[in-house]
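Presented below are the structures under discussion, each in the form of structure tokens.
The same chain A turns up in both complexes below, where it pairs with chain B and then with chain C.
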Partner chain A sequence: MTNATVTATRAALPRRSVVVLLAVALGAAATAAFASPVQVAQATLDGARFGLVIALSGVGLSLIFATTGLFNFAHGEFVTFGAILAWLCNVMLGLPLTLAAAVAVIGGAAAGASVEYGIWRPLRRHGVGLVAAIVVSIGLAMFTRHLFLFFFHGQSRSYREYTVQQAWHLLGVQLLPKDLVTMLVALAALAALGIFLKRSRTGQAVRATADDPDLSQASGIATDRVVLLVWSLGGALAALGGVVLALDDQVSWDMGFRVLLLVIAGVTLGGLGTVRGAIAGGLIIGVVTQLSTLWAPSELKYVFALIALVAILIFRPQGIFGRAQRIG
Partner chain B sequence: MDLAAAGVDALRAAIAPATAAYALAALGLNLQFGYAGLLNLGHAGFMAVGAYGLATTVAVFGGGFWLGVAVGLAAAAAFGLLLGMPTVRLRADYLAITTIAASEILRFVLRSGWAQPWTGGVYGLQRFAEEFYALNPFATSNNYAIGPVVVDARTLWLMVVGWALVAAAAVLLVLLLRSPWGRVLSSVRQDEDLARSLGKNVFAYKLQALVIGGVLGGVAGILLAVDQQNVNPDNYGSVVTFFVYTIVILGGAGRAMAPVTGAVVFWLVISATDSVLRQAVDSGTVSWSWFGPQQVGVARFVLVGLALMLIVVFRPQGLFTWRRRVRT
Partner chain C sequence: MRTRLSLLSAAAAAAALTLGACATSAPADGGQTADGTLKLGWLLPQTGPIASLGPPQIAALELAEKDINDAGGVLGKKVEFVGGDEAGDPAVASQAVDRLLSQGVPAIIGAGSSQISLSVIGKITGANVVQCSGMNTSPQLTDYPDNGYYFRTVPSDVLQGAVMGNLIAQDGATKVAILARSDAYATGLANTTEAKLKELGVQVVARVNYDPSAQNLTAEVRQVVDASPDAIVMFAFDEGAKLLQGLIQSGYGPDKVKTYGTDALPVASLPELVDANNKAVLQGMKLTQASSGENSPFTQRLLEYQPDLSTTAFSPYFYDCAVIIALAAEQAGSTEGPKIRDAIIGVTRDGTECGSFADCKKLISEGSDIAYVGAAGPLRFTDAGEPSTGLYDILQYDANGATKTLDTVREGTN
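After this line comes the complex of A and B, so read on.
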């Protein structure tokens, strides 16, 4: 990119962030017309928590898409895998939840790496096309999801600790301690990822591969190893997302599949390929979903998020923070 | 273990009205995916629209059965236009997300309490096909034998109508695809830019393929609804779309008559496997503690997921070519 384009993009970023903040503030204000400020604040807080969980679960999907071009429809299964693995360690083996979560993260990384090594790398070598790869990911999702059902059975279960908690009250708004922990953990993980991508050499290699795989390979970057790393990170973060999602929602065989569309909505809205985009998109989806319950039946809350997804794909497919590219 | 009984069950499934419905849906999806190259992951939405068009007209508004069918077909066409106009120009993965989002939005709305007066909400609608069964020329008190399979008169009537529809649709599609229209569509899938450079309105051809395929999906939905005399929003989830994809790919995407054989083979194998597994569990041949009666029902989904992956990878029909991500 030329210097002029770089400065133009840099100037555009704060402007875009301001627009996003304005839009959300307007939405909250509009909703306040239907409900009290306390309700709006509560909904925004709940939405922010859900949004951060979505962002955490989806940032891996976003990076995988950016570096390999594959839209991994099986990403929700990493989320479920993390939650179930943590449950096994917590309930069956008796480990404390923090340790079980760590095991889940490592397990998620291993799952991501094995899927890339065992399935996607051979497929890329064989020259299997984009559409075929998407269909394979759909089949893989159905296969693993029903394996989970097979072994975990249909009912949802919760972890041993932190199931019932006393809520804190701040100015009329309720906050559960575990929700605060969820938000902090998600923010910390996402921030760490962002710093890793921006500051470290390997992170730079990841960004280069996302930008232009051929040029990166020609410059000496081992793109195969970069892709393996991206899949491991994606699996690990999604597994962590599953653990924190299950804190609120309980562990079930299809929990990942149920949030998959929302996760996709979040990362697409924010802009595929950027951590900042995943966070922004996730937050918007979470807050929009929760705010909508103030004036629409709560069973329809996900519909608004999906409508936002369809709208963004039609009008601005690169999302908020993505770069304009030809998508058709 | 009674393999003969399993064989009869499999044959019954292979010629059942539901299989005819899936064959129709697959014919439609084959036109959209195999011929026009549209990765439509929302095919269940077309089926739902057709089914609910019929059910709501008859059960809620008291209209006649044939009026209901007309409404269902018109609604499927309208859904296709509404869905297709903004999205048909999108790249495969974005079109996939948009279509699955649209299908899920539809499902959420259909099952909501807000729409309950028209759609029956989560309970769905029943009893809307009496007029159809009144036309049954077969004596209702008799059972009929087709080889080793015994069916009652109502099922036989529906089978006759269903498979006649499949035959008619297949013939029409073959004629359509051999026509100049079909040849342009084929060229659009193979090289869109070339077709456009020759002056063909690529957008219009893709949209027409989407709508025609969608109407066939609507017919399939109507047939399924009449078979079960029940419409329920959760019967039209994304799993149905994935089953239809497996059928299309199994038969061979892009060949006109292939979806019909795909549907028959698909349900034959699923039914046979179900039957054998159920017998194995019941008779005690298989007495592993982790494989009980409820696992038998899950087995089919595990198999379908696995089959989808394996078929796409090892029998791609030469239809999928590796295209580098286009960047400007």
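After this line comes the complex of A and C, so read on.
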């Protein structure tokens, strides 16, 4: 990447953020023709919460793709794993949910590191192609999911705490304390990740590896360790995503699988390999999904999210914040 | 060598299976044996997840056997039951059905679970053998291509919609919101409920069908809340807990508006699934379910006959299965499957009402058309071979998270 493009990309970034916000506002305004402003505000807020959870769950998927080229279809299982681990600690062991969430995040990181160490690294060493690796990830997803089904059973369950909360009301818009916490936690984690990638030396190594693995390795970056780190980070964040997702939507054996398509859509339309892209993509998917229910049957809500994906990719094949150089 | 041996035994097994299949497809002799008894089969849960319901159902069939034989049997032949275990496992159930069919039974009573019935219905009805269940409530079985051989004495879940509509209207609701999973069960029920409510002049202010595979149901809850209903009815499985949490948090919980559901919800664990810290969370919420027919004169008689039963759930329906099969054979003058099939619907409707095998048999011998009123009440089969009327329990959650039966109502055309 030349200096000129770096400057150009930097300059373009805030403008694109404005475009995303404008698009969301425009969508909300268009929906306002069908619904009251309160309904629109409520749907936007609900969508933002869901969108941030999607971003949190998906950012790892996006970074793993950027550094290894692998599209990890088993990423939803990190989400489920986090939620189930938190549920076990919270309900079975009686830990407070905050502590249970910490255990889940550590567990998610460990799970991410172990699949990289035990499966993906050996596969890379043996020169397994990307398509074969994607098939392996699909198989791994099915295997893990059904393992969850076997041990956790098919029933959806709630945590011991924060299951039913009193909502705050502001000008007719409702906000649950747990949803506010969800949004703040997601934003904080994503911001921390962004700063880490931008500012720290290790973060720079991650970005360098994403840019050109061979060149990075040649210039002395331990790319294997970088990839291991990315997997642990991805696993940890997805597990955290699962923990907060289950606050509203309960813990179930296939919860990660159910959001996987939305997660993939979110990170893809936001631009793979970027934290901003994950946030923007997640928000668009979340808000479009919720807004569409104000004027279309709710059975179709995810259809609109996927229409948004296609529409945006037609104009920006690399996603909103993605870099064109990586594609083609 | 080892491989060859296992190959040999596999071949032997295959041969045995083929022979078994031949025996099965050999023309049925109507279950008659040389000593003049009529063999009927049952496929009921002796093991598996609903094994606790097996003993009362089997006891009900024994009682039916006794009643029929005391009244002189069917066409002069004594009735005798042979049984198989459905085991909650389609593979085991299928083997049990093979065994029953190989004995040439003209009818099999069972299975208990709709799922198991669906897994063996092709095999049973394909062999021109009558199948009758007293516990299958799945709407899927109504239109199943069974060549007219499948019957049930318990009504389909779809009839519940009318019960629900009546209940909501009686409770004085004026603006009802309906939440339904997008599947055959829930949308069917929601449609009948909505139609009943409209017929009774109750306004349906929101009808939300949701994608069963959606993880997040916030928008669906908001749609209901935005319609500010005074009654909410949900046709949901275990995602009902999630919906209830959302409704409670939006100020539309069972403590604020009338809330209704069906027994497709995980009834016993629902309060805990919604809020483990508050057993009273669902207090006041009402549920409808097909009545299991307990606490009736029949079940009292059954308990006298076999006092050690822990439950009598669904036993009257199974008793009725046995009696209508026997009556149909009597009416048709034949114990062959196809003849029984053709006569069953007729013995349940449009005729002189009679309440026991003995009475009905007498009427048949006098040449009368009969309408058997069973242990669980009138059946009045539809052309699809299931009751057009049924008993329903209305349950309500109390402050301890338990349900108690408020009422048992009869629903259906009169």
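Rule of thumb we're sticking to: the second predicted complex is superposed on the first by the 318 of 328 C-alpha atoms of A that agree within 3 Å, B and C clash if a C-alpha of one lies under 4 Å from a C-alpha of the other, contacts with A are read in each partner's own complex, and residues count from 1 in each chain.
Keep this in mind: contacts are C-beta pairs under 8 Å (C-beta built on N, C-alpha and C of every residue); 3 or more make two chains touch, one makes a residue touch a chain.
Because the structure is a prediction, the values reported are computed rather than measured.
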Partner chain in contact with A:Ile138 - chain B first, chain C second, else both or neither: first
Chain B versus chain C as contact partner of A:Glu299, first or second or both or neither: both
Touching partner for A:Asp46 - first (chain B), second (chain C), both, neither: second
Touched partner set for A:Leu26, first chain B, second chain C, both or neither: neither
First, second, both or neither for A:Leu180, with chain B first and chain C second: neither
First (chain B), second (chain C), both or neither touched by A:Ala188: neither
Chain B or chain C, by number of chain A residues touched: B
Chain B versus chain C as contact partner of A:Leu130, first or second or both or neither: first
First (chain B), second (chain C), both or neither touched by A:Leu215: neither
On chain A, the residue positions that both chain B and chain C contact, one per complex: 154, 297, 299, 302
Chain A - residues contacting chain B, complex: 65, 69, 71, 123, 126-132, 134-136, 138-147, 149-151, 153-154, 212, 261, 264-265, 268, 297, 299-300, 302-303, 306-307, 309-310, 313-314, 317, 325-328
Residues on chain C engaged by chain A in the complex (per definition of touch): 182, 208-211, 213-220, 222-223, 226, 238-239, 241-242, 245-246, 248-251, 266, 269, 273-278, 281
Complex contact set, residues of chain B against chain A: 37, 39, 41, 86-87, 89-94, 96-98, 100-102, 104-105, 108-109, 111-114, 239, 242, 245-246, 249, 290, 294-295, 298-299, 301-302, 304-309, 312-313, 316, 320-323, 325-328
For the chain A and chain C complex, residues of the former touching the latter: 39, 42-43, 46, 50, 91, 154-158, 160-161, 163-167, 174, 176, 245, 248-250, 252, 255, 258-259, 289-290, 293, 297-299, 301-302
